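In the two complexes below, chain A is the common chain; its partner is chain B in one and chain C in the other.
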Partner chain A sequence: MYKIKLAIRYFFRRRISYLALGAVALCVFIVVVVMTVMTGLVGDFKKKNHSFTGDCVVGTESLVGFVYYEDFVKILGATDFVEAVSPVINSFALANSEGAEGSVGLEIIGIDPVLHSRATGFAETLHYHGDDAAIAFQPDYDSNLAGCVVGVELWLNRNSKGEYFYDSSPVEAAISVTCFPLTAKGALAKAGTDVVNTKTFYLSDFSESGLARVDSSVMYLPFEDAQVLCGMGGPARRVSRLHIKFRPGVALEEGCQKVRELWAEFSDKTSSEQYAGLLAGVSVQSWKEHRREFIAAMEKEQTMMTAMFGLVGLTTVFVVFVVFYMIVSHKTKDIGTLKSVGASNCDVMGVFLGFAVLLGAVGSAVGAAAGLVFLRNINSIEGWLFERFGFQLWDRTIYAIGEIPHRMEPAMVLVVAGCAILSCVAGAALPSIRAAKARCVESLQVSQI
Partner chain B sequence: MSKDDFIIEAQDIHKSYRMGAAEVHVLKGVELAVRRGEFLAIVGASGSGKSTLLHILGALDRPDKGQVCYDGRKLSEMSGGELNRYRNKMVGFVFQFYHLLDELSVLENVILPAMVPAGIIRWLSVRGAVRRRGQELLEEVGLSERASHKPYQLSGGERQRAAIVRAIMNEPSVLLADEPTGNLDSATGNGILDVLERLNRAGQTIVMVTHDERVARRAGRTITLADGRIK
Partner chain C sequence: MLKLFLWLRYLGKRRVVLLSVAAVGLSCALLIVVVSLFNGFIGAFEQSAVDAIGDVVLSPGRKFEHYDELIEQLEELGVVEAATATLSAQGLLHLDKGDVRAVEIWGIEVQKRGKVTAFEQSLLNEKKTPTSISSEKGIESYIGVGVLARPDEKTDEYDFNAVREEIGQEVVLTTGSTTLATGGSVAGGQGEKREFRRTTMRLVIADAIFTGVYYLDNRVVYVPIERLRESIYPKSGPIAGQIQIKLRKGCDMEVALAAIRGVWGVFASERLGWEPYQIQSAMIESASQLQSRYVVEIRKQMGVLLLIFGVVSMSAVLLIFCIFYMIVETRRKDISIVKSCGASSVSVAAVFLGFGAVVGVAGAAIGTGLGYIVTRNINAVEHSIGKLLGLKLWKASVYMFSRIPDTVDWAGAVPIVIAAIVAAAAGALIPAIIAARTRPVDILRYE
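Up next is the complex of A and B:
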C-alpha cells in the first residue's frame, strides 16, 4: 500500500516527473494522431476498393477475356452464398470528345449497370443516377442515345476543398470511343466486316469512386456495346471478369474458396470445349488480392509511419530513463530509510516501477485526450490553416481525399497506451534496479555528507 | 548472568572501508553484549566506528568478520527476507538526521514500518488500528496536532520525536539510536533524551551512539569505542 502511496506522492511532488509526463503525453498524442489518420486513410482506401470490386473476382488479365462465362454465372446463381454476379468487359480505348483536339487513352469497363450495382458499389459512385442505376446509360437530354459514364477526374476539376464543379445535369457531349478488338485467338480483329471498333457515346453520368486512378482513367460503357467493340461478341462470347458479391454472413475467404472449387470443377467439365484454352489464365481472387498492388503500397506506407513513430517512442524511453535516474539519485535517503524499516529490494523497485506505471498511465491519458481533441478539430484546423496560410496537408486538387480521417479506434488507443506504459517501465527499469541494489548504509550516509 | 539475558551479542566484529587507495580498519574485533531492557550508550570520538557498529547491530551493514546474534540467532544465517523482517520488527532505528520521508505526512511516516510488511488487502483490514496506534504514540510525544503536517513543517526536535515514534511503531525489542541529539540544541536534545528514558523505563532496550559524554550519562551503561575496540 505504501508503495502505491509513495509512487503517487513522488509523481505529484517531483516537478521533474512532469517533464517525463510531457514526453509521454506528446509521444502518445503524436502516435494516436498519426495512426488514426493513417489507419483512417488506409481503411477508407480499402473500403473504396472493396466497393469498386465487390467481394470476389473471377477473371483474367488477358485482353482476350474468357469464354463460357454465362454457364458459370448460372452455376454461381444457383448457389446459396452468392448474392450477385456482374460480367465485366475490361479493355483500353482511345476517346475523342466532340470539339476536342486529339484523343485520350483510357480504360473502358463494359457493365450491365443494374447487375454491376448489385455486385459492387457502382450505383453509389454515380452523381446523377445514383438512385436508379438502370438508367445510368440514358442521357437525360436524350434517353435514346447510347450513354456512357465517365470517371469524374477525366472530365471535371476539383477545387481546393476537393469538391467537383458538377452541373445540375450532365452536359450534352458526344464521345467517340475506338477500341482494339481481339479475336478469341488474340489476333487484332479487322474492322469493317462484322467487327465494329468505333462508336459514339453520349455523356450520361459521372462516376466518383474516390479512387484517383479509377476516376481519372475509366469510362463505363453498356455491356453489349463494350463486348462488341472489344471483339468479345459473336459465337465465342467473352468477358474479362465476373465480379461477385457474397450473401451477408459469408466470410470472404470461405466464399472465395467455394468459388475456386466451383471454377475448378467447371473448367474441368469444359476442358474439351473448343475455346477451353481461354479458361487457363482465369483466376479466382478475393477483392483484397485483386486490388493488392494498390492496397499494399498504402499498407506499406502505414507500416513505415508506425515504425518511424515507434522510434520516436524510444526517445521517450530515454527521457524517462534520465528523469528516473535523477529522481533515484535525489531519493537515496528515502531508499535507505525504506530499507531501514524493513522494505525489501523488490519493494523499493516496486515503488519506482509503480511510479513509472502511473507516469505512463497519466501520460497516455493526457496524450490520448489531447489527440481526441485535436482529431475532432483536425479538419477545421486544416481549413483554418488553408484559409490563413494556404497550407493543406494533402492538396485536394491532387489527392482524392475528402476530409482527414479523425475517428479514434478505442482498441488502437489502448494498444498505444499499453506501449507507452511499457516504455515508461522500460525507461525506469535500470534506475529502479539501481535503487533496489543501493546499500542501505551508503544511501543513508550520502545525505549526511 | 545467563546468556538468555542478552538480546544482542556482537562477537569479534571487524569492518574495514576502502577510502581511495587506503583501507581503513574501523572495527577491530569488537565484543559487545546488550542486556534486555538496558539503556546502553556507546561513546567515542568521531570516526571511531560507533555508527558502523550500530549499523551492523541493526543489519543495515555486514561485518567483514565476526558474528552478531539476536536472541541467540546469528544474523549471518538469516535469509534476505528474514533480515528485512528483523529490521522491520525486531529493531527500530533513530537517525541523527531523522530521515523522515518528505512526501508523507508525519502520521504516515510514523506508521510506515507497519505498512511495509502489509499487502493491500491486509492493510485495508488493519489500517484503522494502525492509524489509531500511530496517533496515540504521537500524542505521547506531544505531536498529535502535527500528525497531518509534512516533516519539513516541523522543528528539529519535533522531527526527531516523530522519528522515535516511527522506530517504536512495531514495538521492536531494541531501539538503535544513532546520535539522536546530534543535530539539536541542548534543550531540545534533553527533551529527546527524556523520551528515550521514558521508553527505557517502560522496558524498551535502547542502544544509543553518541560522541557527547553528557548525553551518554543519561544512559544506564556507557561503553567507549576507541581504536576500533571497546575499552
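Up next is the complex of A and C:
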C-alpha cells in the first residue's frame, strides 16, 4: 500500500515529474492523431479494395483469359460457402467520345451488373442506378442503346470538397470502344484483315469506387459485348476472372482454400480438353492478395511512420530517465528510511517503477484525451483553415480523399498507451535500480542529512 | 575563458548531458533526412519533366501545320537553344501472344529530340543520337523498358538483358484519330461532325528507353513524328500537337516565355490564320510551371511532416531543461563561489545559456553527420531492410522513380541546425535564470 501512496505523493509533490508527464502526453497525442488518420486512410482504402474485388478471385493476368469457366461457376454455385460468382472480362481499349479529337487508352471490365453487384460492391459505386444495378447499362435517354458505365474520374472533375459535379441524369454521350480481339492461342484474331473490333456505347452511369486508379482508368461494359470485342466469344468462351463472394460466417482464408482445392480438382479433370493449357496460368487469390500491389504500399508507409515515431519517442525515454534520476537523487533520505524499516531492494524499486507506470498511464490518458478532442474537430479545423487561409491537408481536387479519418480505434490507443507506459518504465529502470542499491547506512548518516 | 572551462568540465563530468546531445542529434538527423528526401523527390520530379519535355512547352490545344517554320523562328530567338515538335496519341500495343498494353504514343523528331531532352541518355543501347533505321519489317520505335518487361517483384529491377533481346522484334500498335465526317481540315473547329478512324501500325523495336521515371518507362512508345502522322492523319500535311523547347543556359525564364509568346502570336496569326482567342488559349509554360500544382502538394506534405516531427522533437527541449535544472540544483555551491568571486548574475546565466548552445551545436553536428550518412546511403539502407524483411519498401510504381533521391539538402538543413541550437539554448533558459538568481550568502553560510 505504501508503494502506491509514495508513488502518488511523488507524482503530485515533485513538479519536475510534470515535465515527464508533458513529454509523454505530447508523444501520445501526436502518435494517436497520426496513427488514427493513417489507420483510417489505410482501412478505408482496404475496404474500398475489398468492395471492388469481392472476397476471392480466380483469374489470370493474361489478356487471353481462360476457358471452361461456366462449368467451374456451376461447381462453385453448388457449394454451401459461396454466395455469388461474377465472371469478368478484363482488357484494354481505346475509347473515343463523340466530338472529341483524340482517343484515350483505358481498361475495360465486362460484367453482368446483377451478378457483379452480388459478388462485389459494384452497385454501391453507381451514381444513377445504385438501387437497381440490373439497368446499369440502360441509358436513361434511350434504354434500347448499349450502355456503358464510366469511371467517374474519366469524365467529371471534383470540387474543393472532393465532390463530383454530377448532373441530375447522365448526359447523352456516345463512346466508341476499340479492342484487340485475341484468339485462344493469344494471337491477333482476324490477322491480315482488320485486327481490331470497335463498337459504340452510350454513357449510362458513373462508377465512383473511391479508388483513384480505378475511377480514372476503368470503363464497365456489358459482359457479352466485352466478350465479343475482346475475341473471347465463340465456341471456346473465355473470361479473365471470376469474382467470388463467400456466405456470411465463412472465414476468408478458409473460403479461399476451399476454392483452391476445387480449382485444382477441376483443372485435373479438364486436363485432357483442347484448351486446357489456358488453365495453367490461373490462380486463386484472396482479395488481399489480388490487390496487394496497391495495399502493401500504404501499409509500408504506415509501418515506416511508426518506426520513425519510435525513434523520436526515444527522447521521451531520456526525459523520463533524467526526471527519475533527479527524483532519486533528491529522495535518498526517503529511500534510507524505507530500507531502515525493512523495505527490500525490490520494494524500493517497486516504488519508483510504480511511479513510472502511474506517470505513463496519466500521460497517456492526457495525450489520448487531447488527441480525441483534436480528432473530433479535425475536419472543422481543416474547414476553418481552408476558409480563412486556403489551406487543406490534402487538395481534394487532386486526392480521392473525403473527410480526414477521425475515428479513434480503442485497440490502437491501448497499444500506444501500453508502449508509453513501457517507455516510462524503461526510462525509470536505471534510476530505480540505483535507488534499490542505495545503502541506508550511507543515506542516513549525519553528513548526508 | 572561465565559461569555456566550465562548459568543458560539465560536458566531461556530467555524462547525463550526453543524453541531451543524443536527443538533439536524433531529432536533427531525422528532420534533415525528411527534408532531404522530400526536396530530393521534388528536385527529381522537376528534373524528370525537363529531361522528358525540355524547359518550355508550347501546347496550342489542337494540331497545327507548318511547325518546322515555327521551330525555325523560335531557334532564331537568343534565348532558345533548340526546339522540337511532338504529336501524341493513345494506343494498344500487341507485344506477344496474349500480351497487350495500353500505351501513349509520342511522335518525335528522332534526330532532334536529343538537343531538347535527355532522350539519348535514356536509350538502353545507343547513348547517342540514333540513326534513323529504315526497316521493311516496320516503323522504328523506341519503347519504354517497363512496356517490354516487368520489374522483379522483390528487387523492383528490370532484367535489361532480357529487354535487349526484344530489340529488333516486331510489334503491332493500334491507334486512331478523329476525322471530319464531311470535308474540312484536320485542325478542325467547333461544331464539326467527327468520327473515329482506327489505324494499325507495324513497329520494329529500335531500342528501349529507361528514364527511371515510372510513367515514361511503363507507358510511352516513341515513333518518328512523320510516320505517326502518316498513319493517323494520312490526308494531312506535316502537323504537330506540341513544341518542346530547350532554353540557353542562364537565360531568364520570364523573358524567355515572353519572347516565345511573341513569336507564337505572330506565327499563329499570320501563318495559321487563327483567331486571337485561339492564339491566347495556347499554353506556353515552363516544365516546372506544369508540375507546380503537384509540387505544392508535396511541399505541403513535407511541411506537415516536419511540423509533426518538430513538435515531437520538443521533448528534446524538455530534456535539456530537466538536465540543466538538475545541474543547477547540484552545482549551487559552484555558482555561489563564482558569484562570490565577483561574477555578475548575467555572467552566470550566460554560462548556462552558452552551455545549452554548446549542447545544441554538438547535437546538431552529430545530427547533421548522421543525417548525411543516412541520406547518402538511403538506397543501401532500403536495400538492406528489404533483404532483411523480404519486402521492397521503395517501388517505382508507387513513388515514380526507380531510385530514392539521396542528395542532402544543405539549404534545408541550415534552418534545422539553427533551430536545434536555439531550442537547446531555450531549454537551458529557465535553469540559467535560476542559477543567476542564486544568492551566495544563502548557499555558502555554515550552519
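Rule of thumb we're sticking to: the second predicted complex is superposed on the first by the 436 of 449 C-alpha atoms of A that agree within 3 Å, B and C clash if a C-alpha of one lies under 4 Å from a C-alpha of the other, contacts with A are read in each partner's own complex, and residues count from 1 in each chain.
What we mean here is this: contacts are C-beta pairs under 8 Å (C-beta built on N, C-alpha and C of every residue); 3 or more make two chains touch, one makes a residue touch a chain.
Computed from a prediction, not measured in an experiment: that's the story for all the values here.
With the two structures aligned on chain A, chain B fits next to chain C without clashing. By the touch criterion defined above, A:Y325 lies against chain C but remains apart from chain B after alignment on the C-alpha atoms of chain A. In the superposed model, A:R13 makes contact with chain B only, not with chain C. Of the two partner chains placed around the shared chain by superposition, neither chain B nor chain C is touched by A:E224.
If you count the residues of chain A touched by chain B and by chain C, you find the higher number for C.
With both structures placed on the common chain, the touch criterion links A:S340 to chain B but leaves chain C unconnected.
In the overlay built on the shared chain, the residue A:K5 is in contact with chain B alone; chain C does not reach it.
In the superposition on chain A, contact is made by A:C440 with chain B only, not with chain C.
By the document's definition of touching, neither partner reaches A:E163: not chain B, not chain C. Legend: residue contacts after superposition of the two complexes on their common chain; A:I30 is shown touching chain C, with no touch to chain B. Superposed on chain A, the gap between chain B and chain C at their nearest CA atoms measures out to 9 angstrom in whole units. By the touch criterion stated above, chain C contacts chain A in their complex at residues 16, 19-20, 22-23, 26-27, 30, 62-63, 88-92, 94, 96-104, 172, 174-178, 188, 194, 196, 198, 200, 293-294, 296-297, 300, 304, 308-309, 311-316, 318-319, 321-323, 325-326, 329-330, 391, 393, 395, 397-398. Considering their complex, residues 55, 58, 60-61, 80-81, 84-89, 93, 95-97, 99-104, 108, 112-113, 115-120, 123-124, 166 of chain B touch chain A.
Only residues 1-2, 4-6, 9-10, 13, 333-334, 336-345, 347, 439-441, 444, 447-448 of chain A touch chain B when the two sit together in their complex.
Interface residues of chain A facing chain C in the complex, by the touch rule stated above, are 16, 19-20, 22-23, 26-27, 30, 34, 62-64, 91-94, 96, 98-107, 176, 178-180, 182, 185-188, 194-196, 198, 293, 296-297, 300, 304, 308-309, 311-316, 318-319, 321-323, 325-326, 329, 391, 393-395, 398-399.
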